[in-house]
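Structures given as structure tokens follow.
Presented sequentially are two complexes of subunit A, the first with subunit B as partner and the second with subunit C.
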Partner chain A sequence: MTRTKNSEPATDVAGPGRSPGVAVARSLAQRFSIVIALVVVVAVFGSLRPDTFLTTSTLQGILGSQAVLVVLTCALLIPLTAGDYDLSVAGVLMTSQMMIGVLNAQLGMNIWLVIVLCLVAGVVIGLLNGWFVLLFGVDPFIVTLGTGTILSGVVLWMGDSTTISGISTGLTDWVIVNRFLGVPLAFWYGLIITACLWYFLEYTAAGRRLLFVGRGRAVSRLSGLRVTRIRWGALVASATLASIAGILYAGTTGAADPVSGEAFLLPTFAAAFLGSTAILPGKFNSWGSFIAVYFLVAGTTGLTMLGAQSYVSDLFYGGALVVAVCASRYSRRKEVRESGSL
Partner chain B sequence: MLSSTTMKRVATTASAVLLLGLAAACSSGDSGSSAAAGGGGASCDLTQVNAALDKYSAVPDYTDPGPAVDMSAAEGKTIFNIQESSANPFTQALTTSMTEAAGKVGMKVVDYPNQGDRTQWIQGMNAAIAQKPAAITLTGGTISPTYFQPQAAAAKAAGIPIITVLNEDLTQPMGPEVTARVAQPYDLAARLSVDFIVKDTNCAANVLVLTSKEVIGSPASIDAVNDEFKKYCPNCRTTFQNVSVPDWSTQITNITRSAIQSDPTINYVMPLYDSMSQFVVPGIQLAGATGKVHISTFNGTPFVLKMMQDADVVKMDVGENPSQVGYAVIDQIGRILSGAGPIASGDEGIQLRVFTKANVNEAGTPPELGKGYGDSFVQNYMKLWGKAS
Partner chain C sequence: MSVPAQAGGAPTGAPPVVEARGVSKSFAGVRVLDSVDLDVLPGEIHGLLGENGSGKSTFIKVLAGFHEPDPGGALRINGEDVPLPLAPGAFRDHGLSFVHQDLGLITSLSVLENLRLGTFSRSRDWAIGWRRQRADARTLFEEFSVDLDPAARVADLDGTQRALLAIVRAVHEMRTLRGSARTGPGMLILDEPTVFLPETGRRQLFSLMREIAGGGAAVLFVSHDLDEVREITDRATIFRDGRLRATVQTASVTDTELIELIIGRELPEHGGERDDVAPTASDAAVVVEDLSDERVESVSFALGTGEVLGLTGLLGSGFERIPYLLFGAFPAATGTLRTGAETLSLPAMDPVKAIAHRMALIPADRQRDGSVGSISVRDNAMLQIIDRYTTWRGLSRPQLARDCQETLDRFDVRPPVPGLAYQSLSGGNQQKVLLAKWLGADPRVLLLHEPTQGVDIGARAQIYEVIHDAARADCSVVCASSDYEQLAAICDRVLIFDRGRVARELRGADITKDRIAHECYTLADRAVPAGPVGPTEGEGEGR
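Showing the complex of A and B:
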């Protein structure tokens, strides 16, 4: 139940009677399916609302609005790659956000010191998650569900169930107000974290070990990998990145509230799974998720600009996820069957 | 069997059809825009809206909700209170003031803790029926016997009156099995929000109205918004977007940003409930419309009043006095227990106050729940109950 599925390797195989050129084209089409979908979305809405959708300000707005989701998805991708679910990421986000509300806005503590404390809290929560999961052998799905719920309670207690505004403008300036190339800095933070995670997972020994553990825990153990330590590290990294997402969330809204962060949990999973259908199909990967997030927000932005009510956006969001993942899985299975018949 | 390439084509076609279908749905969607563009200028008569805003900008006056009532029958009795969620600071404040007022007439309030889950509300109703209190109060904008009619009927059969607190507007019918209510002036609050926008834009408003229809009073607010614009600014434009409460954090920012970028003439966002504002503000910022687009809203939640104190985005917030509501609830319960019968309409004269930059500091720095409304209502209720010292 708890092991996530990193499906078959991304290498493509030409089917019987097919030329290598066709196989390469098919592979490219699959790898860049979300990019193609994004282009289609932009083309459709751009043709329907060229005066408003195809503008620099709309592009800047779209890019600047999803940094929290991008970073939280990156957080989730790490344990998913290691074969574990982390359901506490939204709870960590809320904890981090509420710590900023209480310590900075209410108690007047220096914002940069509070940010450091948030990161420390993220590390501690990750260590606790790992401790319960690995030393007691408890299912991470259950443990992180439990710790996430505990964190929700802690956040309610910390903030006395209230929303706290008045967070230092130093943070909001460095998250959403200040811009680079016209786009709020939050976007660039998300981009940098996505690139770093990509590099880590694809080009470092530690990242490859994480992937091996996710693909085959027993084999990894027999190969001499320290599986327990690697999984623990993944949970710590996840909580720390979720804490950064919470900092960005506080900087985006300028306030801290005890409940709204929970709403990020399902979109985060949606972005992670949708991202696994592209760039490196069959693998959780940060660029795939990054593009998936912006594909979804481009779609919902276009729909809103056409005057759609929010439920239409839900239809698009959920429909895109189901169609993409089903098509990807079907396609992969089909290719494996064809390659097996060679 | 289809090849994977065929499958991809099918999926792509299906996606395109889905996309076009959604686009078609949008064109017939409930965007609710009114006809003409904002007018303004000499044809703008602000007499009525100014009068309303002036009246409600001052510390509110207290008015007796009804004749004097003998509270002796209430002494020693217990009220069983179920909030819409114990995590909601506003309903917590209502419960606190209710407990304070109950203590002054010898009553006790038992609060049933819950996290807003309807199954917990049902458990709370069952617990209440077992404890046989003098009354059950349902406190908040989303809780109603509609969601637990069998339990509400059982309470009624057991002779336990149910009183709803701030879930309906005065213009709405009472919920099933409800004995009495303290109604919320949703209609009036929405009209005041509109009045401020009309005044501030000099009848040249283009407004994005954000609603949450699961709040029971929302239909009354929406009707009031439409009616008030029709009356005082027929050329103003409105666009309605509904966002359900759980989606506030993930959708409001994007909807606000997209709406402003789609129509740069939007100059006001009117969230029906002010807690939406924390997600509206970043939407305005991302659209690059800070200073051009403002917020007029309702509730008087302290963090939103602080946003008003700290910046220029939230320009007006209609506050309601939670401290008074507790006394209003005890007044209704006292009337039921005395045999005189409740105020049928549920109009306890809940006090509203228009907060702007000019008077927001009277709510405290930082603002506090229940501050800025005066406290004359306490002595007046005590007089009405024959308890004045």
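Showing the complex of A and C:
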């Protein structure tokens, strides 16, 4: 008797007989849990500090400045969907920010030319990551940990360990100064990129393939997907988007400093995993992560306004990451169990 | 046709090492093991024979504590009653030890580390005395005349050495890990350990088994190979359809009797080889020539348009590798595949190329290789043809949903809900979705491996129908299967493999379950050199 994984008769219909109304309500609650959490956080801090937290300027500040995190999270979602970790996204962000500082502020190169160079640098880093991962068959977790660290070293060296100010107002105008509907343009860029990524993952054949590669490498290969090429493409896309996040970061702060970018890595992962528990639970998705970013930021901003020390944001981000990963694992398992198989 | 089961070639008086009485097991109301009474005596090598699905694996899994038997059975070990079900792992306390076909070795570790794996997992020692351990290992190897270096890495050992190591380890654990209260000889259970071994390896393994039995322990030897069972065992027990059919003295039973017990029917009169129709390669859809890899040797055959070609053989004969090699799922060493005017090199084959030549592969392991369980039925079913739905503004999801619904209805997938996670379907319905996935791409060559494994009876007939429909639409089908009944039901021609080669070809009226079983089991005995199995005429008749 050969071993059959499926010899136990699986039920034909998903899930035990439960009233459909309850199931629908439950699934809706799960899908929008992150939205609910965001509303709760805003309500709590709003009632505690109505005069500072619930002001237009706080809102505008949060929306505009955190667009960097939104874009960086989008960058990370692509390799995560393909089943690969990319720990170099923060390093890429810092690289492109520092390139703007050095080439534009110090050497006076045209800002738009520098932006193009940043994008090229992003593509090159992504290609290198993919090269190490796929041609040598190394775990991307390790490779990108290495390249990310190399990049932060390069950034320190490029910037001579100092903060470079004086970035062209052309960039800051188009990122944070100019507004649409009272909100800095950066927010809208983040929104557009989130929407594009959603469209890509949900409405294109390539997005479907990316998901298959992430969930089942053997299946994908035997289905004729070019697994290597797709994974490589995902790493290039993530580095390129991370580079865009770096450009927005330079535009948001108007300066390039060689260390602060590193702090983005953990919130990015927290937002990506937290986002995967909502909207499309069990699946990395850009709207979930978009809302997760603002949930995390609202939480830390509120805590800071209550007078908490700055280390609280680390506690909050780290805690959110652990909780999010556990929750997403739990919801995936529950989904499997309730669909009555295995 | 039960042959009385009495008195082994072992010292009388001692109680049997294992004494099973009325052991049954049902899955969802289906009895796969029906009231088995089996004795294994000390110092005896006891063969366990039976086809796939005969219940012998289930029985072993009950002993291992992997399956919980139905209430009512009893088990005595060394004359003591043992409560059923056994807890997983409890077999160790009773002096039983298992060697499974995959051997359970960690190849990146040393021989010594593997040998002591079971001890480490239970030991609370803070310091491991490596020097003493090495000496102990050497003594152990000497005792069984096994030539192994404790410091060697398992990855550097050949198959025979690995098998020897696994068996010595099992004996070692049988002795040392037993609960302190138990006495009496242990029992070693070997689950098809010789399948992938060369002839010299078998010899070494057999002499090791004799050493072990000579020391008073019992050996339960599961095998497909009648030759081996005849050579090494004292007695043999035959399972069929979940029942123990007979326990026989190996020395006093003929091959014919054994085969009858295994397949359950009188053997058909074995006529001579049929006159082969003169092969004409020109009207074959696909011609495979000189295909080899580590387990397959120079296999050549032709596949006609719309033909259903079965590949079968005993475990280890290599037939099951052919679909994967043709599809490029793993690399061949040599071989070409000719389709139309094109000749493709098989070592350079990959799935992308195979799909471009309109081939489709439906693997046996649906969960790992076939589909992604956590993704919806729709996405799984439509993966191969998803590009057809790409428009200037992205995927046309309504169209995709409509076509998917239509496909699920056509293949009678139940429930026909495209949004459901694939893994929530039953085995049969999962397989239908896989067929839908690949047939949607309109393949010219359909490669199947165990297409109805884990599939219920009703869905089985539907799957046969789907395969026949594909063949009628001029798709050529290769079906690698160890289910003889299935081969008889769907194939126009069956190739029987033995030790990596095509050894027999059956066609037309010769394709019956019994005949296929007979050929499979007797091939090894007769060792007749295989006649050339050339490319043959394609169109099958009499489906």
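Just so we're on the same page, the second predicted complex is superposed on the first by the 294 of 342 C-alpha atoms of A that agree within 3 Å, B and C clash if a C-alpha of one lies under 4 Å from a C-alpha of the other, contacts with A are read in each partner's own complex, and residues count from 1 in each chain.
Please note the rule applied: contacts are C-beta pairs under 8 Å (C-beta built on N, C-alpha and C of every residue); 3 or more make two chains touch, one makes a residue touch a chain.
All values derive from a computational prediction rather than experimental measurement.
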item	value
Partner chain(s) touched by A:V120 [first = subunit B, second = subunit C, both, neither]	neither
Subunit B versus subunit C as contact partner of A:R208, first or second or both or neither	second
Which of subunit B and subunit C A:T58 touches, first, second, both or neither	first
First, second, both or neither for A:L135, with subunit B first and subunit C second	neither
First (subunit B), second (subunit C), both or neither touched by A:C196	neither
First, second, both or neither for A:T162, with subunit B first and subunit C second	first
Subunit B versus subunit C as contact partner of A:G282, first or second or both or neither	second
Partner chain in contact with A:S223 - subunit B first, subunit C second, else both or neither	second
Partner contacting more residues of subunit A (subunit B vs subunit C)	B
Overlapping contact positions on subunit A, where the subunit C interface meets the subunit B interface	335
Residues of subunit C that touch subunit A when the two form their complex	27-28, 52-58, 327, 329, 351-352, 354-356, 361, 363, 365-375, 379, 383-384, 386-387, 389-390, 394-395, 397, 414-415, 417, 420-421, 423-427, 429-430, 450, 453-454, 456, 482
Touching residues (chain side subunit A, partner subunit B) in the complex	26, 29-30, 33, 37, 40-41, 44-45, 48-49, 52-53, 55, 57-58, 60-61, 64-65, 156, 160-166, 176-177, 184, 252-255, 257-261, 263-264, 267, 297, 299-301, 303-313, 315-316, 319-320, 323-324, 326-327, 330-331, 334-335, 338
Residues of subunit B defined as touching subunit A within the complex	1, 3-5, 7-8, 11, 14-16, 18-20, 22-23, 25-27, 29-31, 33, 86-89, 92, 239, 241-244, 246-251, 253-255, 257-259, 261-263, 275, 278-279, 281-283, 285-288, 301-304, 306-307, 310, 366
Contact footprint of subunit C on subunit A as seen in their complex	1-15, 199, 203-205, 208-209, 211-212, 215-216, 218-219, 221-224, 226, 282, 332, 335-336, 339-342
